[in-house]
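Down below is the structure, laid out as structure tokens.
Each chain gets a letter, A, B, C and D, in the order it is written, and its residues are counted from 1.
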């Protein structure tokens, strides 16, 4: 029998303090409501013929008093919860990025070094981890109760979720959004390890090249290099038949779209350019990029994104 | 014979009390229709916001001319029915029947133009967002969203218009039979409100379908 | 206060309807002026549709999109005021109409706040 | 046809004696008979939903699941949700007690549109039949929320049929709300000003506002879903750039206010019962009345709090969170006013009062935990866990069903002309209170510990809480079966009820029990304020 939940991330204690405040406030109000109810029920029972005295008549002052008191407490709770929430969903600097793909009914996880796992996630303790989540079919939800974090995983876009584990151990990973028959089997574990253990684990599970290396193979195989050049140098009349934007150095740099909007070429942008290029068409190139939706799986897109990222010079922004 | 002018259901104080209440009931029903179509408009906002290029590319393929003629037809239909209401209030029952019949025919003309001609034309050009959708390439997704909106929205509006045609036909019949007249107008007014409301919905759908996507 | 607002509201609707009637030639009483009011409204609506159609033919600038929508809203308002005679009958008719618009605003306003402010995914400048 | 003469027949025979044929019931336009028809129908659905959830609780006795098939399990809880929400909770109080009492309370002879009222019952029955067909064909497995793209493109259940059933019942709900609003505006008896209306009518009015202005959005949403389901393409389809979150926005635009469709009438019932059994005026009448309206309006501004972790814009989430706190304020005001009503009253503990006190307690607990899930960061942890399940069951079952039973016991003598055995009534109220807490309190804990909703199997460490909960469900089932038995018994053997057995105020208590078809022989003129209870009289009565 378990009464308490492990606090295994930096945000867990913060979330629990908030819960504690809520619990204490509720208990106080429950004591007030149940207390008054029971006292009145007993004291003012019809068979008790004691003199009631003057019955309270003026209500405005009382009504306004408890309205304002309630509002003040509520506003305090709102600010507290909002502050933590905003910090929880703002990705931190310098985090270790791990990709998570949900599909009916499993979690597929890819590390930057190319290591892959299913229904388990190995992370080092004491490092900020940023998860980039997407789904191949329906909406899933990535939840780790011990970290007090949760986010829906949607098809067709990336979501970001971060945490910093503070305690080595193995914790539950649940899908919290009903995703079909196997919903309750879409569970796994998060294994938090010391830094050294994590390095060992990475080495022992070394994959066929890093994610970026695997992406490079796909880049050649799917004909991307035909237009964008073999090293992502970009296309022009000399080295390929069609003009296509250069990809080296693209990641993290601003891109001007046809409608004049300027966006930063981040993971989500590159992902969209591969699967739905019409959505955010880049200016000054003809609209000839075909959509790879249905051709490339989400895993493949991840690898391509990782490859394009690796073409960017190390930027210190 | 039963005098309709003074008889009323037993929860009302008078016939005019009942008639006014019926009209108020229709206004409230139309309020529900406003939010009903509001949900459709919100889906338009979402779809276009996330896929502007494709959505507009789809919209460019819509039949602007037929859409515009249909808009004129519906406006005229509302006008004619409203003229009929003015006339029947002054006791000109036959003139009302003429007007309502004209409104009915205009409604029918809209239906024929929309579903027999425009829809068929759209389907012939493979605009139904199914397997052999006529727009391919990058813009296909957004265009499919547009045409989903188009077929769904015009269908739902068409169902409303079909109900309107039934109601107007019923009113014409009852006026013909002498059941409704200047002395007892509530059903005529109630149907008129609905009839014009269907027109209003089209007035909003018209720019969403035919106009907005044509900017360059 | 409420009564004043209600009065002002239905009064202004009545004035608008009457204004359309007065602008038109014909008798000011009886059927005549109501018929001409209806006809005038119809004519105005046709002109607005004409403008909408003309602009769309001409491949207009994107900035004109809201104008096209506003024209439609004006036409819808004209239909409600003149054809549906919203100014007539018990005051709750107006109450229901205004409520429906308010709720439409809530739905579209709060609903579209999400797509317009959503950051699909942003990378912190690391 | 239904156009009748002004003067009603002089014979004041009760509405129950006005024809005994099946036809006289099935074609009736009498609001009281339609209320009875509704009462029978929703009782059937209550037990269908109850049977479905019994299997669910049975399954959860073991971590690996007592029912072998996960598919079956998903269909069971989905059916429980769909049936309970749309075929019991949403209609429950308005179409039964509301239908019966609204004309009586405003001093009218019927609702404004009696035939539309009958139509709304038929729509409800048709919707119910469509749902039963869907159930017979195998049911749905998407949960009652029908989230896309699971429901539109992936589910193998009968989503379209279920959606059509919900659309039809939605129109039934719109018809009822429309009728109520127009009746309250147009049919009040002479002297019945807005501030002389019982609070129950204020809450029915507010409920109707939600029914009328939220339900159409659900209808459109489910039509879009059905379109997408049939043609495999549509506005929510992420593969072509559609946004699945759009579905959630539209769905919750209805479904969050719908929670207040469920709870507002319950608050209205309690606002009638507390003064009646305290023999005292309702404390802060205008506040309680206007709080209903405020809840109805603000409830439309908070739907996004169901989507704090779904990928909605952070800015939206902030706005929806603070508005969610705002909607809790009027609810809190109501609770304090009910307590203020009890203060210095002459309190009697008949069964309606016991149910009403149970309502206050359970609703307070449900409302307070609502604050947890309105608080952004806390919701991140609690979202889609059993905590949420417990929270809304406290509000909707602990609150709403208790209030429905309270109202049923309070007005039973008026509706049927019979008294039920009082001791059984009190016993059932206690059993329900205890059983309810045993069922749902453990779910708060197991939810905090992380157990997700809608899980067919679960990690063994959660088993203790699930077994406790299932045991509580068994107690609760007994509590809900008891009223069915003794209320049915009372129809046959119960004591004849007097016109006003509880010494309550209000127009409905001035006409015989059961009331005549035309409600009042002559239209009453109202001069007194509501809840004109005289404590001195009460003292004498019990001396």
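Definition applied: contacts are C-beta pairs under 8 Å (C-beta built on N, C-alpha and C of every residue); 3 or more make two chains touch, one makes a residue touch a chain.
In this text, all values refer to a predicted model and were calculated from it rather than measured experimentally.
**Q** Using mean Cα positions, find the chain sitting nearest the overall protein centre.
**A** Here the chain at the core of the arrangement is D.
**Q** Identify the chain pair joined by the greatest number of C-beta pairs in contact.
**A** That would be the chain pair A-D.
**Q** Taking the mean of the C-alpha atoms as each chain's centre, how many Å separate subunit B from subunit D?
**A** The separation of the two C-alpha centroids amounts to 35 Å.
**Q** Starting from the mean Cα coordinates of subunit B and subunit C, work out the distance between those two points in Å.
**A** It comes to 16 Å between the two C-alpha centres.
**Q** For subunit C, which residues are shared contacts with two or more other chains?
**A** Subunit C, residues with two or more chain partners: 90, 92, 99-100, 103, 107, 111, 115-116.
**Q** Which positions in subunit D are in touch with at least two other chains?
**A** 182, 185-186, 213, 217, 239, 241, 243, 245, 249-250, 253, 311, 314
**Q** Please list all residues of subunit B that touch 2 or more other chains.
**A** 20-21, 24, 28, 31-32, 35, 38-39, 42, 46, 50-51, 54, 140-142
**Q** Which of the residues in subunit D end up touching subunit C in this complex?
**A** It is residues 182, 185-186, 209, 213, 217, 243, 245, 249-250, 253, 300-301, 303-304, 311-316, 319-320 of subunit D that touch subunit C.
**Q** Per the contact definition, I'd like the list of subunit A residues that touch subunit B in the complex.
**A** On the subunit A side, the touching residues are 258-259, 276-279, 281, 287, 289-291, 293.
**Q** Which residues, counting only subunit A, touch subunit D once they are in their complex?
**A** Spelled out, the residues of subunit A in touch with subunit D are 1-3, 5, 14-15, 18-19, 22, 25-26, 29-30, 33-34, 36-37, 40-41, 44-47, 49, 52-53, 55-56, 59, 62-63, 66-67, 70-71, 74-75, 77-78, 80-86, 88-89, 104, 137-139, 141, 143, 145-146, 148-152, 154-157, 159, 172, 174-185, 187, 276, 279, 293-294.
**Q** Could you please specify the touching residues of subunit D with respect to subunit B in the complex?
**A** Residues in contact with subunit B: 2-6, 8, 103, 108-114, 174, 178, 181-182, 185-187, 212-217, 219-221, 223-224, 227-228, 231-235, 237, 239-243, 246, 249-250, 253, 518.
**Q** Under the stated contact criterion, what part of subunit B meets subunit A in this complex?
**A** For subunit B paired with subunit A, touching residues are 50-54, 137-142.
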